[in-house]
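Chain nomenclature is as follows: A, B, C, D, E and F, assigned in order of appearance, with residue numbering initiated at 1 for each chain independently.
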């Protein structure tokens, strides 16, 4: 394989990685996903596959590298993921996810990386990867490293309003209700339609939640499908359209922040 | 995709997973790898790719499922992995790896799984995944679950003496010195030769260590290549031969322990 | 003092508390705030005072009790609180806040409480108090207690759309940008106008953030005032109006969930 | 409100706090209390109210500021607080209290504070706030801050022998047996007599303990009232007398240590 | 060696231990010491040797067994041990000591032990071994064990007032000031005079402390000897007299509590 | 006692220790053992006594000092210690052992020590004391100490092949199967034959394990004696021979590494 053919750190030898990192100038992208039910029609790795795909494409554009994704995330919450009681949803305690993020950042800094982008694919992770950044930066200061910069994002936040209007002509519900909905179904159809059972896509109306949660989760308050809205209007074309925008916008943001 | 075509939990919908798990009778295999330098010729994900490949093949034989691998492992040690000072080696603190293992076991038990095999691909992980099992089983007892059984193994320990004699006609050094050596190079050649830069395989003699470690690691005590012995006699055929034995022996062990 | 005059657990004797708790039927409300900059015009305890005021009023209506508020919260984030670099903002590590919540829930359960509402006043706390609930409920199951129910909410999520239209006639920006904005300024003017320096209320336009964060926080991306939008249209009347709705809606939710 | 009217950090805007802190020269006082049963006649927040009152008065004298009190403390012990089995007593694990203290010290140091006094109101907290100081100072050294100085005290230790002779003419039992006894009842009568049910003050003799504890606590070894001695000779006058001495002595100690 | 000749668990085979434990009826004594400076004349293991000696003698009387002592304890405090800045004083973080105690209790319970006495030899340990008891008992309840009983004590608290009058004819200062003073010097002279450099016993007056601590510890506030009072009136006879009383009183307490 | 008569830090006064440490040039040896069943014939402290004896002798040769041993270790594993289910085996959680090691290293560094050797007597400890070294060195870098060097070893790894051929004329099984076997029995006969019940030495063949573990441990897969091979060919002479080699080789290694 020609060395330049991969953006995945995991597929590089250490010496090629070392060369590619070039004194910290090369950004590293870390996808942070989950293993979580995504309705009866989507595979449980959506939240990992999509940000990883985003990272691969961004890396190819801006000359970055992609670290292995975190494939387990924080506990699914009722109003954004249906709740953590579904079989298959396999989640970490907060402390575990925080420690994963912190340790990886610490190690990348040891390698010399100084530009890192954490690309989250699962809403529930965001505050814990935020804490991981804070703890890692605190530790790094203790080691005398104070020039590490970290961009932290959920990829879906890069959808423009124009795109939302186009993809959701009848009105965009909310990112939380989009769990296993039109966007994720579309992007998965585009990325790997073999993993999508489109024949099973739920058609029920969006879930309707009060403005609070009750714990322990009461399963009969959650759509039995696990999806929070219907992906029946999804298509591979919409998926490509949305993914392209994520890639383009995130690549632009990296270029701007990291002067690439 | 036909539902039966995958052994990967991550590629199943939650409802298919739930059906496949069948009240706990289906075993789940968890590969636990690392992102670690493996000499100038192997990609850094060897310790993840190989046990994952073992798990996929074992799962296909015995009707098991494979959980997403842990792609980050414990700190590389000088005498078994060259030490944790190499660029690219990206390791977790002990507490983090323990917590990862414990959380995943806890969740699988919540799904109803009662037969779990942890297949480690990186020597340094073993004691920490052992602790993960102990902590998880303690917690599960607190939840009233006392029938979870966990097999815990390093895949390489399933090489028979006959195989070692055949693959290492001039004498088998030790599994520790085999880091990035004949076995790993062979299996990688078999699994994905595009990721192997065989032209760079080191030819230096095996590393020679005193019976102790010194910390902080002193890099000039370690072969500069990162490999602890030479993989120059590796071949895809040897790789297939060894991998087949791992798969066959581990499948047999699972069938015996879990009455499959 | 007549025993019935207070809703604050802290002001009761243990024996009166014990009597009031009546076998777990009495709900307990726990306000979770922060010590955080709120612009040049608001005191740093807004996020504690407001949910505590909500809890006092709800408790009076539904016969509940109020536990002492948590007055320190999670680290202020740039896009919802201006960032944690301001003097005065005094924040906890994630693990600390999680442990606080977990310990208090565990103790309330020991007293016999079975109905608990956590009323968060600081956005950044939400995921950590969520984790506190999960850990506490797990521990309680270990102690054989499985009938504790916890409502978990951010009080501001109880604003109806009608109210937002009325209070923000020119359009509601977002709750995140409302940090030290119209709502908080109004409610503080209503609750304790002596703590508000209305003469200093910022008049700058709302902060304009890209859809990601950069850590370490770069202070010059944040309005120097610390407020994320202007509270110049705030008034005590608006504050009363909004507070009344919070109290009424949360009281109704408690009555419904806890069959009061 | 005139800015100088409050000593409470929580009531200041961040910019006023920043000005008041004046490069670290202004001391900060942190009251550390508890939510703990104090007999049938005292409210459960005695251990918070009293040190907070001390801190407010000391701050006013020496130009210090008061941070929000910690209202939850370490587990009540049989021989100093009656034990942790009483309803209402709401206690933290050691690790939680330590982390609270450490995090707050770390943040105050970030603001520029260099003079801190921790004023404990609950005996059982002392060793844990001690650990908090040690961990915080260790961390601060890692951040390059080595000039933070912390005074650490239980306010009651500032009673002179003359005072004890005067307040306890029949002999001073011990601070441990004074739980909900003459001193606390007196100071509460002085500070807020509405919270004291003096009609219920226990009249039983002081508790009589062997020189060891037995865990789990056996409730029938503890006075059923929760008080460890009788507060029947308490009075608001005694309370004022004792409180004044605490304030005067602690203010003097701060002035001496911090060269105010 | 005749099996009955030792009270030390560490010197028994597992099968003899198992037999001796007799279904939990045999009490186990756990000495918890420290490695801490004890002036210029005493070895640094005083706080371990003395409680271990007490435990051995108590065990011989009541038919108990002695677990290996914890030889490292919590950080020395200025007013009870001179402070943790002395060379030689080798202390644990709070979390570490708590975990040590908790783990050992958990394991003894697994063996079937139900009667445990923790005999502390170092004041600073007491609150942390208290927490260890609480955490262990909580965990054991999770495992369904609710009949473990733990006595928790500092051995010195068993000195009668008569003894103090006799040993300290000029007045007993306080246990805190007795650090490396008459009692410890006397008992060490009795137990192992070879370890005592009596020629170096300090003769300075007792340390004089204000009623608070300042951290970081300022060494020149502490007697340079490390002793907090003078042991010059110590003698082996006094040591024997005091030790005998400890043994007799603690044995009596165990017999009473554990119905031996 | 003449000051030079002991190598044990615990038996020195702090001032003698301080003098002996001589600016960090004196190495410190830390034995790390266990309280673990060792068959029906050996006391449970073998894994502590042997490395402590090694350390004492090495220290006498090279002018080093010995810290108090850790007498509790990590959980016994089936294939190296028989498993953790035996009565008497008293083990720590991974986190506890790691913290013990880290704290002690941190304190020794504070005293000025810069040369440390950790001599493990219990296989299962090795990875956890390794982590302790890594965490301690990381912390020390934060404190500005980067010249601490730690040797880390299992004493048994210093047996030469010649010795193994001599002591095991019929073939050396493996160190794992040597649990309570010829080596440990021999060394204990040499060190303290009173603690050995040689009449009970098991004569069963070596345990026969598959290349994996199953958790929870199934006791009937383990020899009921707890020994993994027979020590019937043990003798005090063999013990002296092996111990002498350990001492000589380890002393040589220290001299070489620490330039003594």
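The criterion applied here is as follows: a contact is a pair of C-beta atoms (placed from the backbone, for glycine too) under 8 Å apart; a residue touches a chain by one contact, two chains touch by 3 or more.
Source: prediction; values computed, not measured.
Asker: Going by the touch criterion stated earlier, list every chain that contacts chain A and also contacts chain C.
Answerer: B, D
Asker: Once the contact rule is applied, which chains count as partners of both chain A and chain F?
Answerer: Output, common partners of chain A and chain F: B, D.
Asker: Rounding to the nearest 5 degrees, give the angle of the rotation that lays the CA atoms of chain B over those of chain C.
Answerer: Nearest-5 rotation angle for the superposition: 120 degrees.
Asker: Taking shared residue numbers divided by all residue numbers at the interface, is the value for chain C and chain D over half (same) or under half (different)?
Answerer: Copies use mostly the same positions to touch.
Asker: Hey, which pair has more contacts between C-betas, D-E or E-F?
Answerer: More contacting C-beta pairs are found at E-F.
Asker: Hey, how far is the Cα centre of chain D from the one of chain F, in Å?
Answerer: That pair's centroid distance is 47 Å.
Asker: Can you check how far apart chain B and chain F are, centre to centre, with Cα atoms defining each centre and the answer in Å?
Answerer: Taking the average C-alpha coordinate of chain B and of chain F, the gap between them is 29 Å.
Asker: Using the touch rule from the top of the page, what residues of chain A touch 2 or more other chains?
Answerer: 93, 95, 142, in rising order.
Asker: How do the chains pair up in terms of touching? List each pair.
Answerer: Chain pairs that touch: A-B, A-C, A-D, A-F, B-C, B-E, B-F, C-D, C-E, D-E, D-F, E-F.
Asker: Going by the contact rule set out above, which residues of chain F touch chain B in the complex?
Answerer: 74-75, 77, 84, 93-95, 98, 124, 126-128, 130-131, 133-135, 137, 149-154, 157-158, 210-216, 249, 253, 257
Asker: For chain F, which residues are in contact with chain A within the complex?
Answerer: Interface residues on chain F, with respect to chain A: 138, 141-142.
Asker: Looking at the complex, which residues from chain F come into contact with chain D?
Answerer: That would be residues 142-143 of chain F.
Asker: Under the definition above, what is the set of chain A residues touching chain B in their complex?
Answerer: 1, 9-15, 17-18, 21, 35, 37-45, 48, 67-69, 71-72, 86-93, 95-96, 99-100, 103-104, 107-108, 110-112, 194-195, 197, 200, 226
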